[in-house]
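Next up: some structures, all given as structure tokens.
Both of the next two complexes hold chain A, though its partner changes from chain B to chain C.
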Partner chain A sequence: MFELFAQSAFSGVLAGAYYALIALGLALVFGTMRVINLAHGELVLLAAYVAYSAENKLHLDPLASLPLAVAVVGLTSIAVYGLLSRIKKDRELNSLILTFGLGVIMTNAILMIWSADIHSTSVPWHHDAIILADLLFAMNSEVFFGVAGLVVVAGLWWWLEKTWYGRALRAVASNRDAAKLMGINPQFTEILSFAVAGLLASVAGIAIYSAKVIQPSLGHHLTVKAFIITVLAGMGSVPGVLLGGMLLGIVENLTVTLASSALQELAGMVLFLVVLLVMPSGLFGRVRRRG
Partner chain B sequence: MSKFASVSALAVFAVLAASTAWSAEIKIGSQIPKTGNLARVGGAMSEGIAVAAEMFNKKNGKHTVSVLTMDDESSPAKAVAAVEKLASDGVVAFTGGYGSNIIGPASEAAEKMNKTYITSGGVATELTKRGLKNFFRINNSEGYARALIGMYTELGIKSVTVIYSTKEATEEVAKMLEKTLSAKGVKVTLHAFDPSTTDFKPIVHKIKLQDRPEAIAMIGYENDYVGILRAAKVLKPDIKNISGVWSLATSKMWSEFPDLMNGVAGTSTLSYPAEFTTPEAKEFAETYQRMYNKAPDYLGIFGYVQSMMLFQAAAKAQDAGTIDKGGISEELRKLDVQTVIGRVRFDQDGDNPEFTHRMGQHQDGKVVLVWPADAATGKMNFPAVPW
Partner chain C sequence: MANLLDVQSVRAGYGSINVLWDMTLGIPEGKLTCILGPNGGGKTTLLRTIMGLIPASAGNVSFEGRDCTNEKTWNMVSQGVVMIPEGRMIFRDMTVEDNLLVGAFPKKCRARYKQNLDMAYQMFPRLKERRDQLASSLSGGEAQMLAMGRGLMEEPKVILVDEPSLGLAPVIVDEVMGILDNLRNQGRTIVLVEQNTNKALAIADHVHLVRGGKVVLSQDADQVDLAHLHDLYFARDHQNAS
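Right after this comes the complex of A and B.
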């Protein structure tokens, strides 16, 4: 039983880091612009398909396709911002409708360009097994992107906390007009947040292409998963995204081991509801004071 | 003179009217997923339907068919809307549909309009237990379960773990395996998984440490098979065989995932490279190759068989003058034909009691038919797993 439990926890931690990678871009844009980008999953998926094309046409390892994916997804993400910035009234609500529509368009564009077939990398290294202490099993890509998830979360947190642009982003999120009076260009800052979200989506997309299977309808599921983790974390909290992702990953995996994998998604949703009931602002969310 | 002109005009009109009735263009509707999570399978079936229309129009001589297609977006509600829209466009019957949960409401919408609905995309038993008189299908869960059970029995397997998706059709096949194999004295363990599951290591780890079966049966879809096989390749459970059902023993799966497929078995209508022996099958393969520049897969074959039967029945109903009066369903019930997938006839529920699938095994880039013995194109590699 110990073996099962240990493997389950290990898989949960790796899954959590992977979930965090998917959710970070969504959390960043929400934290800085109060916009829930419902096309985020499709951006992640777009990166995965860029990696697929790079492997098939240019014979590149998925990891080597990162610059290409960042260029394509970064530009697409900025284009999403370009459309969002045209919304003048009720931005929070209208941005939901707009990004949902963009997600549908992107899903169908992916379907038309790459067809409905399922794909995954054929580079063997990504699927070779790593065995730790003759007890814990994983694929190379899972461990690699698990560690990458931790590094990216730490890097993003450092960037937001310690650099001028990171602080500018937080200042715009806090009070756009005051930030403007301090000499910050809010529009540039918001474009920057979408560009960074595109970078994060690219890393997540390559992780999915390397360790999982991609198909055009996956984007919507990724958005839902990212949204759950973002809310679980506390809207806009970067460390919370990592913790929320890992909590979700561990709960899901333990449910499979101790009960049934048919209950895996249900367990995740129960966790989500329990956290929201007990901590309505999420695990790391700031409580908004009235007055 | 004017009387003669009137009579002549009437005669010409009568001849024209008669010839129109003689050679009609029959409109057939196809509600099928072109987008959404069933887009790939819907697209493949749609190709088979188009090939059937092409061959029918070339050969029939009297009537032609035109197929109007609408995307149901892999959604039951959209499927019902598609059936209703196609009916308003004048179609007399439907071919297509994928997914038992989608085909259910779509075929009920067709039934309300007294129009025939034929499919190969929904294998759940309850579809043919609804008392619909215009619903037909050429395959069913039993045929898939029968093939797996037959292969396990022939191999002398004593214990099987079944990993199955919680969707209706997959769960049904899993329960059939459990019931029949248990009755034969085989130890069967079931593991259900949610369709959104991507990491199968916890399940496979349980199988490795607790179940310790001789064989694993995967009842799911392509992405599930890849996830299970990847997890198994990492954990390496000590088994002798790993098999599945639809969409597994295909050339597509080998070309996309060659590292995962060698030795894996799945239901299959054809060996690969495909060997088409009958004149009809050869013509079908040639037409398919010409239209799509590739060899047909099993979904295309099913789409072709169901549609060709429907077109033939519609043509007969047209000749009998009953096409708008339930005649297509009557003609389908009379059919008993040898097709590319074997014998097809329909019972009173619209099901095909003759349907039994074959088992194919991936062997170094080929799919070799290994069960039943009379259809086998080679010997089964056993024990054989991809790791």
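Right after this comes the complex of A and C.
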């Protein structure tokens, strides 16, 4: 029994790292623009399909398709910004309608281009097993992307904390008018947040393609996961999002191991509702005062 | 004497509500110009219009002789026009030091951010003690100091200060006024928006009284008759004014 728990927790932690990447993209865009990008999961999925095409047409390892995925997904992400920035009235509500619609369009475009088949990488090293301490089992790609996810999250955290543009992005999220008075152009930080969200989505998409399976309807599940994690963590905390991602990963894996894989999505929602009920500002969120 | 900053017949407001009616005033270089007036008179609106935070519907604003009406806020900042908003407009969920460093964001200020940070800490030692704390944990006075320190990190040519005494204890107000006095004595150009007439008059070179979106009195501070000023301030001049 202990092995089962340990194995589930281990798999959950590894999955949590790339869950966090997806959630951080969503949170960044929300921070600068106060918009929830409901097409964010589809951006992640797009990266996964770019990796799939690169492997089949160009015989590239999924890792080698990262630059291509970043280019395609980054540009798509900025195009989403382009559409969002044209909304002049009631941005909060209209942006939900717009991004939900974009998500549906992208899902169907993916269905048209790549068909409804289930795909995963067929490059063998990704699926080879690693056994740690005679107890914990994982695929190479799971461990690789678990670690890579942590490195990217740490890099993002450093960028937000220690660089001019990272601080500018946080300033815009904190108080938009005051940020303008500091010589910051908020539109620029908005584009930047979409570009960085696209970069994070690309890494996460390739992780999913390498370590899991992809199919066209996965996109909105990913958006929901990202949303759950962001709310779990409370807005504006990078380590919080990482822990939230891992928590969701562990809960999902335990559910699959101990109950049924049919309940995996439900488990996340239950976790979400419980946390909202008990700690409305999130596990790591600060209580925000207005004004 | 040429003015550093000129406001000519400016109209501005919020949506369909107009606040400034043909506002005209000049800000001379190296002086402390005080803009006094009752609540809702348009003092803060004037500063926000100069900074491009709200658009002017008529008239023009010029800085160093160049027209900059409705210029983007961030371009005004990079030209050296800096507004220190009231202390509530600090970045509450960032640390004190990060707040100051955001002030050094304009490209021309980044090279000297270390010297400027030291200068800000020297001027406001309390901020240095609290450099790693979240700005939301600061008291009202400390938040005002932070807003001022952050503004000075932007290497301003002219500093527009919005109601620095708002909601602060009298002893802190004296400290804030003392700092503004010093900054002027170092040759900086300051525009001080205030409701606290006595404190502001004590350090001002020039005074403009703004009421109902218009300038109703412009005088050198040492020529101001306080009783007359207060009559105008509280609109007790209806017998002999239009």
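Going forward, the second predicted complex is superposed on the first by the 275 of 291 C-alpha atoms of A that agree within 3 Å, B and C clash if a C-alpha of one lies under 4 Å from a C-alpha of the other, contacts with A are read in each partner's own complex, and residues count from 1 in each chain.
Assume a residue touches a chain if its C-beta (ideal position, glycine included) is under 8 Å from a C-beta of that chain, and two chains touch if they have at least 3 such contacts.
The structure displayed is predicted, hence computed values, not measured ones.
When the shared chain is aligned, chain C comes close enough to touch A:177, but chain B does not. In the superposed pair of complexes, A:167 makes contact with chain C only, with no contact to chain B. After overlaying the two complexes on the shared chain, residue contacts for A:185 are found with chain C alone; chain B is out of touch.
When the two structures are aligned on the shared chain, A:253 is found in touch with chain B, with no touch to chain C. Number of chain A residues touched is higher for B, counting chain B against chain C. Look at A:108: by the touch rule set out above, it reaches chain B but stays clear of chain C. Every residue of chain A that touches chain C in the complex is listed here, in rising order: 161, 164, 167-168, 170-171, 174-175, 177-185, 236, 286, 288-289, 291.
Residues of chain A that touch chain B in their complex: 3-4, 7-8, 11, 15, 107-108, 111, 115-120, 122, 124, 127, 129, 137-139, 212-213, 215-217, 221, 253, 256-257, 260-265. Against chain A, the residues of chain B that register as touching in their complex are 35-37, 39-40, 42-43, 74, 166, 191-194, 196-199, 201-203, 205-206, 209-210, 222-223, 226-227, 230, 233-236, 252, 256-259. In the complex of the two chains, the chain C residues touching chain A come out as 51, 53, 72-74, 77-78, 82-83, 85, 88-94, 98, 101-103, 105-106, 110, 134, 136, 150, 154.
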